[in-house]
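After this come two complexes, each holding chain A, first together with chain B and then together with chain C.
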Partner chain A sequence: MPTSPVVGGVRSPHRSPIRRRRRLSGLAFLSPALGILIIVIALPMAIGLYQSLTNMALTRPGAPDFIGSTNYENRVFTASFGRAAGVTASIMVLSLIVQLPIGYYLALCLSRRIPASSVFRTILTIPMMLTPVAVGLMWRFLADPDLGVIRWIVSLVDSSAHPNLLASSSGALLLIVAVSSWSHIPFVTLMLLAGLLAVPDELYEAAAVDGANSWQRRWHITLPSLAPVLLIVCVLRLAGDYRMFDLVYTVTNGGPGSSTRNLSMLAYMEGLQYYQIGRACAIAMAMALLALPAFFAYRKVARL
Partner chain B sequence: MSTNKLTSTKQLLAGAALAFALTVSACSSGNDPNGGSTTTVTSLTMAVSSSPSGTALTELAKDFEAKTGIHINIVELGYNDIATKILLAAGQSSATYDIVQFDSPMYAALASAGALASLENYVTSPAYGFDDFPEQVKDYARFDGVTHAIPLSTEPYVLWNNTDLLAAHNLKPADTLDQYVANATALGAAGLYGSDSGFSPTTGAYYWLEALYLFGGSLTKPGTCQSALDSAAAQAAAKFYFDMLPLTPATTVNAGGNGMTNAFIQGDVGQMVNATGYYSIVVDPEQSKIPQSFEMTLPPSGPDGRHTLMFGWLAGVTANSAAPEVAWQFLEFALGQQAMSRLIELGAPPPARSSLKDLPEAQTAIPYVDLLVEASAFGEHLPYTPVMSEIIVSISEVLSQAAADGSGADAFLAQAQQRAQSILAEAEVCK
Partner chain C sequence: MSVAAVISLAPVLWTVSTSFKNQLEAQQYPPSLLPQRVKLSNYTDLFTDSDFHAAALTSIIVTICVTALVLLIAFPCAYALVRLNAYGSKLVLLLIALAQTVPAIVVLIPLYSTVAKLHLYDTRTALVLVYTGLLIPFSTLVLMGFIRSVPVEIEDAALVDGCGRLKVLLWIVLPMARPALATAAVFTAIYSWNEFLIAAVLGGERARPLTVLISHFVSQKTILWGPMTAAVSLVLLPVVVAVILLQRQLVAGLTAGATKG
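Moving on to the complex of A and B:
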C-alpha cells in the first residue's frame, strides 16, 4: 500500500518535498511580517471583539462578566448609533463633494505654467502642515458668534445679523465639512496635480490634431488618465472622514445636541467619558464591520 | 562525562530557581500586607492637572523634598485624561501614581473603582485639621460615607456681577432669583447681556443643574438613585434657564464655564452664576476687561432659601501606592491647616477652611475668602455616582438641542428626566 500520494507513478506536484520545502521557507520568510500583523491587528481585534461581549468598565473593579450581545443591542442597534452613522455619512459625502471639484480645479490651475506657481504650491500646503486640533480650535474661534471673523464679515453686509453656526444643527455640520475641506483640499490638489503632470503631452497634442476641443480633451484624456489617482484620493478621504474625531471634538464637541456626533465621537464618549470599555468596543467593532463593504467595493473597483 | 553534564544541568536549574526566588522577593520587598512601606521611601509620583492648584502642588513638592529628602516625580495630565489614566493605573499591580489630583465630578468613578485609598485614619490627624472645614465640605470629600480624598480647592457657585453695568442702569446685585431676572431683563432692554448661561452639548448640564439647586431642587430623590427632574423645582429651573436664553451671549449657546467666563470678561455681561475658581481669570488685566469692576456675592436665593452647588479639585492617595503613609505626609504638608499661607502664596485657590477668614494672607490675596467660606457652608455636591459623567453629557445634549431648535423648557425637561432615569437605573450608589 503506497504511503505517499503517487498518481500514475508520478509524485503529486502539490505534495512534492521541493514544493513543501519552498512553501515552508516562504512561510518562514513571511513569518516576521505575519507575526507583526497578528500582534498589531488580529490580536487587538480579537481582544476588542471579546471585550465588546463583556460588561468591562474602568469603574467596575474585578474581572468583567460575559454578557453576550447586550452591548450591541443597547449601543449599536439604537437610534443614537443610527444618528451618528448618519452624521458620519453626511460628513464623508459632503466633504468629498466639496473637496474633489475644488481640488481638481486647483490642480488644473497649478499644472499650467503660471508665474510663481511654486509659491502657490507652497502656500497651498500650509493647511496640511497644521495639526487638526489647532485647525479645529482656530475655526471654532473664527465661527464664534460674538467675536469671530465670520460674524464680522456678515456684519459688513447686515449689521444686525448674528450668525451662530455653532448653535444650529445644519450650520455646525456644514462648519465641520468646511473645516475638513479647508484642511484636506491641499492634499487632494497635490495628488491630482501629480496625476495630471503624469499625463503625456503627446496625448493632448494628438487630440488637438484630431480637432478635439478643451472639454473633449478633459473628458476623454484627463479624467480617464486620472481615474486611478481619483480612486485613491476618494478612498483616502472617505477613510479619513469616516474615522474623523479631532475636528469634531474641537470644533463642535458633537453639538448642538448630538447633531454632529459621529461614530468616532460616540465610541470616544462611551470609552473615555463614561469609562464603559465593553460598550465602546461594541461600537468600534460595528464601525469596522460597516467599513468592510466599502473595502470590498474598493478592491473590486481597483481591479477594473 | 554524562554525570558531569547532569551535575552541571542540576546546578543550572538550582541557580535559576535561586535567581527566580531572589527576583520575586526583591520585587515584593518594601510592601507589608497592609500596604505600608517597610523600606525607606525616597520618591513618590504625583499626577497633577494643568491648573493653579496643580502648579502649587508642584512647588510644594519641592518644599517637601527640601524638608524630608523625599523626591516627588510630577506627571502632568490633561484634564480630560485624568480619570481615565488614574483608572487604568489602578488596574496595575504596582502604583503608577501615589498621589493624584482630580476634579470632584470624577470622584465617584475613581472611588467606586477602588482606585483611591481610604484616608479615614489620616484625616483625623490634628495637624491636618479636618474639623476646620464646614460640615458640607467634609461631606463633599466623602464617597459612600468614606473619606477617599481631601479638598484641594473648594469652588462653590456664586453670583458674579459686572458692577459698572449694574451701576450704569441703577441696578443692585441680585439677592433673590426674582431680582436676578429683573436685572437681566433691564440689562437686556438696554441692549446688553443680562445673564450668562452655558448650553454646551457636553458640560451645559452643570449650569442648568446649578439653576435646579438654586430653586431648591436636586438631581435625585434623597438617598435614592431615582431621578428627580420631574419636580416642581425642576420645572421652575428649566423655565428660568430658557427664559434667560435670549439674554445670554450667543457664544455660550455652545459653551460651558470657560465660554461663559470668556463672555463675562468681555464686559457686556451683567451677571452670571459660576464657580469661584474663575476668579484668577476675571481679575487678570491681561485677560479681562473688567478686572476692577466686578463683584462676587452669594448666589441668589430661591423660593426655598439659599442653595448652591459646590465643585473643586480634590487630592487623594492611590489604593495601590506602595507608600500611602508617606503620600499622606505630603498631603498633610501641602494641604494641612498650617499650609494655607504657602498654598495661597503659590497662587492656588484654597480649600474652604473656616480659619481662612482669620488668615491675613488669605484676606489680602483672596478678597472673596469670606464669601467662599460662607457659600461652602451651605454648598451641596451633585450625588456621587459612577454614572455622573454619562448623566451630565446626556442632559447637556438635550439642553443644547432644545436651545438650538427652540423646543424649549418643557421638551428639554421631559427628555432630561427620561434620560437621567434610564442612566441612574444602572447605578448602585448615588450619595
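Moving on to the complex of A and C:
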C-alpha cells in the first residue's frame, strides 16, 4: 500500500521546522482560550492567594495591610470551618451512597430495552438539566412545614405527624442530599447506561456458554467493564457536590443555624455578606487545597 | 422504572400546577392536586413586572453571547489540543482540569474585588466574560472527544494539497464536527441559563439574570408561593423544551466522557 511521503513518517531534514510551525499555528488556535482561562482561573487564584494574606475588606476604605497568616488562623483553623467541611463531606458521601446504587439499578433497567425506553430516558434527563436554583426553590416549596406536599404525604401515613425537615439539622441535611440525588441520579444512570451498552454482547454469550450464572456474569464481566465509567462518575459527582452552592442557598440557606452551611456557603457569606475579602479568600484557598485530590483524580481519569 | 419517572416528573408538575392557583388556594393545606379554577394572574403579574423583564433580557442576552463565544473559542482550541501538539497545550489542559474541579467560589471572590476595581461590577460584560471562561472547558472536552474520533487522513490529504491549517479547520473539520458543535452549544446554553453563583457574586441590580431574581423569593419573610412557582416554571420551561427536543445530543455530549461536575 503506497503511503504519502510527506505525512507518512519519513524523516526528512525539514521535519523539525514543519513541526515547529504546526505547534506555533496550534498556539494561535488555542491562545484565545488560554487567555480567557488565565483571566478567569489562574489570575484570580493568584490574586486570591495574595488577598488571603491581607486584611482587605470592602467595609474599610484605604489600601489593605499585609497581615500574614492571620486570616488562616482566624477563619480556616477554626471550629466553624471544620463544621462546614464536615457538612460538605457528609453531603458528598451520603449523596454518593444514595446515587450510585439507584443510578446503577435504573441503568440496568434501561439497558434491557424495555418498551418506551426512549421516553423514560427523556424523562430521566429532565431533572439533570434543570436550573439548580429553580430546583432548590421547588423543593423548598415541597418541603414547606406548613403547606408542603411532603407534610401532606407523611400525614397520609400518620395523620398526627407534622414533619419539619427545615427545622432539624439532620432533616435539612437529608433534604439536601435528597434534592441533590433527585437531580443527579439521572446523570449517574445515563453514564452507567452508556458504559453498560458498550460491553460487547459476545462476552456475555461466551460466559453463558461456559455456564456462568447471572451473578457471576455481573461480577466478572459487567463490573470490570464498568469500572472506568464508575470511576469517572464518582470523581465528577464528588467534585460536583463539593462545590454545591445553589441548592444549599435556596433550600436551607445553610440553616437551621449553621447545620447545612457547607464550604461554598461559608466562603460566600464571608465575602458577600460581611465583605471580608481577605478572610473569604483564605477560606477559598483552603477549599482549593482540599480540592487537590479531586484535581489529580480528574486528570487521571479524564486523561488530561 | 415507572416509579422513577413519576418521581422525576411529579415535583415539576406539582410546581406548575400550583402556579395556576390563586393566592388562597396556593397557601391552603391540605393542598389541592389541580387548581380548582385555573388562574393566570401569577403569570400576567410577572409579565408586567419591569424587574422580571430586565432579568429575562439579561438571561437571554448572556446565554446567546456566551454560547457564541464559547463555540468560537473552544473549537479551534480543541483542534489545536488534539491535532497540533500546540505550544501551551499542557497549560490549557491544566487550567481546564482546575476549572472542572476547583469550586467556582474560589475564583469568584478574588474576581469580585477585581471586577469592582475595573468598574465592571454589575455589568453584563463581566457576566459574559466569566461565564465564557468557566464554560469553555466543558465544550473543549466534548469537541476534543469528537475530533479524536474522526480519521486524520482526510485532513492530511488536504494538507498535502496545500491547504493551510485554518482552511483545514474551517472547510474540513468544521462541517464534520457539526453534531459535536450542536451538543456543545446545547450544553453551554443550558448551563449559562442555569448559572446562578457567578451572577449572584458579580451582578447587582442592573445585570441580574432570572436565576438571581427568583432566588430573592426565599429571602423574604413570607414566601409568596403562587408568584414563586410561576417564576420557577418560566425559568424551567426553556430547559424542559430543550431537553425534550434535543435529548439525543444531550446524552451524546454527556457520554463523550467529559462532563461538568
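By our rule, the second predicted complex is superposed on the first by the 252 of 304 C-alpha atoms of A that agree within 3 Å, B and C clash if a C-alpha of one lies under 4 Å from a C-alpha of the other, contacts with A are read in each partner's own complex, and residues count from 1 in each chain.
To be clear about the criterion, a contact is a pair of C-beta atoms (placed from the backbone, for glycine too) under 8 Å apart; a residue touches a chain by one contact, two chains touch by 3 or more.
The model shown is predicted, which means the values in this text are computed figures rather than measured ones.
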item	value
Chain A: partner with more touched residues, chain B or chain C	C
First (chain B), second (chain C), both or neither touched by A:Ser264	second
Which of chain B and chain C A:Ser69 touches, first, second, both or neither	neither
Which of chain B and chain C A:Ser214 touches, first, second, both or neither	neither
Chain B versus chain C as contact partner of A:Ile47, first or second or both or neither	second
Contacts of A:Phe29 with chain B and chain C, given as first, second, both or neither	second
Contacts of A:Ile114 with chain B and chain C, given as first, second, both or neither	second
First (chain B), second (chain C), both or neither touched by A:Thr78	neither
Touched partner set for A:Leu147, first chain B, second chain C, both or neither	both
Touched partner set for A:Ser170, first chain B, second chain C, both or neither	neither
Contacts on chain A seen with chain B and repeated with chain C across the two complexes	58, 144, 146-147, 253, 272
Chain A residues within the chain C interface of the complex	4, 6-7, 19, 22-27, 29-34, 36-45, 47-48, 51, 56, 58, 106, 109-110, 114, 118, 120-127, 129-134, 137-142, 144, 146-147, 149, 151-152, 155, 182, 186-187, 190-191, 194, 232, 236-237, 239-240, 242-243, 245-246, 249-250, 253, 263-264, 267-268, 271-272, 277, 280-281, 284-285, 287-288, 291, 294-295, 298-299, 302, 304
Residue numbers on chain C that touch chain A, as the complex places them	1, 4-5, 7-9, 11-12, 14-15, 18, 27-31, 72-74, 76-77, 79-81, 83-89, 91-114, 116, 129-130, 132-134, 136-137, 140-141, 156-157, 159-160, 164-166, 169, 190, 193-194, 196-197, 200-201, 211-212, 214-215, 217-219, 223, 225, 228-229, 232, 235-236, 239-240, 242-244, 247, 250-251, 254-255, 257-261
Complex contacts: residues of chain A adjacent to chain B	58-61, 144-147, 162, 164, 166-169, 172, 252-259, 261, 269, 272-275
Contacting residues of chain B [partner chain A, same complex]	80, 83-84, 87-88, 90-91, 109, 112-114, 199-202, 249-251, 253-254, 263, 266, 386-387, 389-390, 393, 397-398, 400-405
